[in-house]
Amino acid sequence: MPKDEAGVLSEIKRNYILKKLKEGRRGDGRSPDSFREISITTNYVPRSAGSAYVKLGRTKVVAGIKIESGEPFPDTPNQGVLTTNVELLPMAFPTFEAGPPNEGSIEIARVVDRGIRESKMIDLEALVIEPAKKVWIVFADIDVIDFDGNLIDACTLAVASALRTAVVPGSTEGGKDFALPVRNLPVSVTMVKIGDEIVADPDLEEEQLSTARITVTTTADEHIRAMQKGDTGYFTLDEIRKAIKLSSDIGRQIREKYFK
Amino acid sequence: MGTASDIKLIDENGLRIDGRSPTELRPLKIETDVLERADGSAFIEWGGNKILVAVYGPREAYPKHTQDIEKAVVKARYNMSAFSVDERKRPGPDRRSVEISKVISEALSAAVMVEQFPRAQIDVFIEVLQADAGTRIAGLTASSVALAAAGIPMRDMVVGCAAGKVDGKIVLDLGKEEDNFGQADLPMGILAKSGKIVLMQMDGDMSQEEFEQATALIMDATKRIYEIQREALAGKYRALALERSGE
Amino acid sequence: MPKDEAGVLSEIKRNYILKKLKEGRRGDGRSPDSFREISITTNYVPRSAGSAYVKLGRTKVVAGIKIESGEPFPDTPNQGVLTTNVELLPMAFPTFEAGPPNEGSIEIARVVDRGIRESKMIDLEALVIEPAKKVWIVFADIDVIDFDGNLIDACTLAVASALRTAVVPGSTEGGKDFALPVRNLPVSVTMVKIGDEIVADPDLEEEQLSTARITVTTTADEHIRAMQKGDTGYFTLDEIRKAIKLSSDIGRQIREKYFK
Amino acid sequence: MGTASDIKLIDENGLRIDGRSPTELRPLKIETDVLERADGSAFIEWGGNKILVAVYGPREAYPKHTQDIEKAVVKARYNMSAFSVDERKRPGPDRRSVEISKVISEALSAAVMVEQFPRAQIDVFIEVLQADAGTRIAGLTASSVALAAAGIPMRDMVVGCAAGKVDGKIVLDLGKEEDNFGQADLPMGILAKSGKIVLMQMDGDMSQEEFEQATALIMDATKRIYEIQREALAGKYRALALERSGE
Amino acid sequence: MPKDEAGVLSEIKRNYILKKLKEGRRGDGRSPDSFREISITTNYVPRSAGSAYVKLGRTKVVAGIKIESGEPFPDTPNQGVLTTNVELLPMAFPTFEAGPPNEGSIEIARVVDRGIRESKMIDLEALVIEPAKKVWIVFADIDVIDFDGNLIDACTLAVASALRTAVVPGSTEGGKDFALPVRNLPVSVTMVKIGDEIVADPDLEEEQLSTARITVTTTADEHIRAMQKGDTGYFTLDEIRKAIKLSSDIGRQIREKYFK
Amino acid sequence: MGTASDIKLIDENGLRIDGRSPTELRPLKIETDVLERADGSAFIEWGGNKILVAVYGPREAYPKHTQDIEKAVVKARYNMSAFSVDERKRPGPDRRSVEISKVISEALSAAVMVEQFPRAQIDVFIEVLQADAGTRIAGLTASSVALAAAGIPMRDMVVGCAAGKVDGKIVLDLGKEEDNFGQADLPMGILAKSGKIVLMQMDGDMSQEEFEQATALIMDATKRIYEIQREALAGKYRALALERSGE
């Protein structure tokens, strides 16, 4: 993850944040297990098949869905196709550069994709037009437009919200348009380790202080659907247990609050 | 320009397919400071266009060999998001967006006081979230606002505006069907106060007489668009003033 | 546009050219509204479908046409396809580099293409083999081999000349070979602004002195088919009117002299 | 995870499709110093996986802007050879291999004493010659051995190991069919002595209870794999000792 | 070819090798016309269609064959397709870099390919599934894993060995699997010129000292099937005659010893 | 080499499909100084080949790490224009052109007095406008002339020439059908005065006896081609002389 504009967090800020954390408080006053404010605007790009503009604190992303007919993968002839792509737009941060996805944006896209896919959010089997020949291809594209940490969760929220409102253009294939069949709702929760503390939904400053990152994506049944550890630090098994528990709890709250 | 078609684009009352008169602009709205990281930003909705612009700079031009020892380099990057158009667009620049980025960069360079920032680079990132006709002039109009919002000294605002030819008639600000099935499109970039032309492209079929009509429409609309730009920025300064008085 | 080998025009040369211009004369003795000598050799590459070698002063380009069968674009199922590509070969100038087209050559190709396309020079509707399935694809490729300014006009001249002699290989699709159906002839005229003067057909030195560039492409009916303003300077509306008039006049002369 | 299927992956005796018990690893063999040019190398055969790892470094990080003034950068490059999988793989990195390279790099960084080599780079090239399930953990396990063989100081060995869910049951070290048709896969990278977790990914469907079972299997197997790593290196030192005594 | 790690061979080593060569001996004790030890392990990657691990002295390469159905080239509708690719893996040498093939690896792949192709080793006409529509495509991919000179010969040996054991997966196209039809066996012999001496199978040190390289690929009939001269030095016609003779002799020995 | 075919390439009189005898070259014409910007240039028409060569340099090698402190680097770039072959060729280098660029660069390096220009680069741009058989040797022959025309010191001229096997017979300078349906092709690059061989490739099927015949034909033709090279350059110097006397 990129450093802030000065390249490194000042020693003073750093000590301040670490000290507060020991007292159970974060730089911006949050408790370790709380998310920043979430705002979700669906249908933000009305001409796409589905879309959502998500703000997670000062991190902002726009997800847009396009659904087109095409060939299935040879090994899954009876399923539609989902592809997820994340663009870290240069407008989002001073050091982001235009160009093909780098390892950072690829990792984000793949973790988001795994959460959606493994939760079986989309009923891919309902997206077959002609078995082995023609299926619906769901393109989930995410533009990151403002960056202040925790892109994985912002992107998962945006894609999930966009998919829930998406419409399959069945009329282009001689049928009727229909709502994209979605069922489970994956919620990803990303946490980082700063010193010995685990905090959820890190902002950029916290990401820069952290040694290890973990994302746990769960569904309403509180099963784990995807996990990803990142960064060069480590977690103990107990820390991971704690992270899973936290994800499960926060996931429940987010579902409750934003996806009734 | 567009393909021939049987679609009637102007009705018996002289109204256009979306109900506008020939000299009417589509609805247009500009907001500033919509992003936190950028030094300046603007969001424009113009007809169905939704375009976000972020400005970074002046900052040291990089790589070094791109530096101009006499002035700042203004580098616009026009980009369409994958979901901005009917068929999903593969991410990354294509020939069209490379050309548009070039003409927008040149148009903005004419307005910015580039000579104040030798060796610097001013980046203007234009992201088309939803594309209707006229994305380049909408992007240009918003870019100018974002530059001003970033506090970058400019000699004048750049206003983007287009006119075109539809069913044989010259009309202002083509909509999507008009763009698809019309006979000519003339996008321009104009310095608001001086009326100087800093961007101009044309394709289609226009007599020299029709060109006169088209530019008359554009020049007139420029004033209206400039007002909207000013208001967007005034909003910013009002907000700033309130903030201060609130302290 | 590239600088000359020394990187910048010497002050002396610069002042000389500016002074002469004020007297209505150009560095090489031309009047502001005159073109350099044009030489057009068609059928220069006999094995292509059509070709032309054009010299515009010391600028030299070779255009070659290839015509192959292929699929139409989905939105124009009843039209052939035209694609235009310009290669700024490294042999043409000391600072040109091998590699994919840069923004300079892309702009040139797109302006040339618009002139050909919008003038409706080629009857694309006559290039359908099987509607929506198979059409003729016209590849217009231009090699820039020697560079001394005003590539847009040199390339337009070369492509237009090559297309006028081009043959569609109908025999490869079970028909007969036939001349590519062409009708209108677009002529592009590029002008630059040096100080307050507008000069047509700039050479490299003049391009380096200029602040703004404008290309106006017209057909025999003196209608405008394509325009492109370039560079970081500006034009007044009156200057553009003058440029359009100039293009119209020069276009008539060129048509008269070279395309009888 | 895999697609649903009628294939029975665990039989009535609780045995798996390749005859293993749920807690059994596939056959695993590691050899060191299989290459001459590299500073350290290892070859691992794990089930049907055949993976070669070469280590170069520490050497000056290049390009310069990638240097970290405080520590060495560990850069793993996971690559599948064109003939390693059923359908010929186009040479060059794809998104999957970019992600795997990243998580392996991060896992190894946690083990290597990177602070001893500021501004340096340690390259770990992982070439999958034949892929069965579990290439990333096999590659990680071999990388750790190759780093040790290169004499690079490490605070601990990294052991890669996975568990998964098959026919509703948690089992160790998924084979190919289990990976294709199972319900979850949990690859982990563990520091052998401290038990710290430096790589973890999961996909599929696992309850929190099942996660406990899976990690228990992995933690237990870690010891066995670590023994094999040590023996591979002991072989190296024995060989060295023989060489010296033979002088 | 890359330099050794120090970038250049030390003067001392260089003089030593040159002096020994004058006495008819090479740095490692070989005679000028002898190869290093060859070891060939076929079926090294059992899940590929054919494979071989070849050691030529300390140079090590792995060749793997994949055979898939696909379209023939338009100009050879009644033949299967062979494509050869060489990857100079960064693991093989300190200065090898990851990335697309450079001119070095392209030249190696093309010379290896020509030897296989021109010897008519594979009966491409027997690889047609449906004329003009579907044929077998033989992908020969070579991983260079350890580099100590003479990659062309190591790669040719590996590909030829792998092809001899390869199986066409006819069962995927409704037929039976069958052994890839091979007949001739090409053997390539690469020689370099050091001072006035010609030595066969150069190791890396010798490649660094040499001024010119020549590869001659022959078949059992002692006909020449492919040749390639490399590097910025020259050969006299007599030296080339000598090289052809040497290749012919060594080819016979290698065939005798390894391909009985 | 070519595919088998029923086409008879040599008739009962021993004449070839284009009427040539086995030892006859196709028509060959070289012109110098055809371009203004380049430091030297040449245009060759050889059979149906039309190839343009431009030379730039010696100039400082760039990027810096490509510099050789002992000598100039000769960098040929062989390129086929999109319209040079039957089917339109996608612009940009392919594997074939990369290989040809390499062997031509090496061949020219042997002729140029590279040791006189340490750290320099000499660029040779070869553009095939129309391709018949034998583009690489035609390009090489013209390159040598363009280098001389650029005033670059050379120890000898490089002559490109090929022989091949057609209907079982060795013939000089294959034409297009002969190349397509013949049995062997042997392109060579020869230093004109010394007879040293600086480029050689072969593909097809040739006995050692046939190789002797082929090289005999080539060596003999080399002299004729060299004469044409000299005349092209003499034309240049004559022209220069006239220019001077005209002053």
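For reference, chains read A, B, C, D, E and F in written order, and residue numbers begin at 1 within each chain.
Definition applied: a contact is a pair of C-beta atoms (placed from the backbone, for glycine too) under 8 Å apart; a residue touches a chain by one contact, two chains touch by 3 or more.
Owing to the predicted nature of the structure, the values given are computational and were not obtained by experimental measurement.
Considering every other chain in turn, the ones in contact with both chain D and chain F prove to be E.
The chains that touch both chain A and chain F are none; no such chain exists. The minimal number of chain-to-chain contact steps leading from chain C to chain E is 2.
Chain A and chain E have centres, each the mean of its CA atoms, that are 49 Å apart. Distance between chain B and chain F, defined via averaged C-alpha coordinates, is recorded as 53 Å.
Centre-to-centre, using mean CA coordinates, chain A is 32 Å away from chain B.
Residue positions of chain E in touch with at least two other chains are not found. Chain contact topology: the protein chains form a single closed ring, every chain touching exactly two others. Going from chain E to chain F and on round the loop of contacts, you meet the chains as E, F, C, B, A, D. Across the interface of their complex, chain F is touched by residues 44-48, 51, 58, 60, 62, 64-66, 68, 85, 87, 89-94, 98, 100, 139, 141, 143, 145-148 of chain C.
On the chain B side of its complex with chain C, the touching residues are 1, 3, 95-96, 98-99, 101-103, 106, 109-110, 186, 191, 195-208, 211, 215, 219.
Every residue of chain B that touches chain A in the complex is listed here, in rising order: 35-38, 41, 48, 50, 52-54, 56, 59, 77, 79, 81-84, 86-88, 91-93, 123, 125, 127, 129-130. Per the touch definition, chain A reaches chain D in the complex via residues 75-76, 79, 101, 103, 106-107, 109-110, 114, 117-118, 214, 222-237, 240, 244-245, 248.
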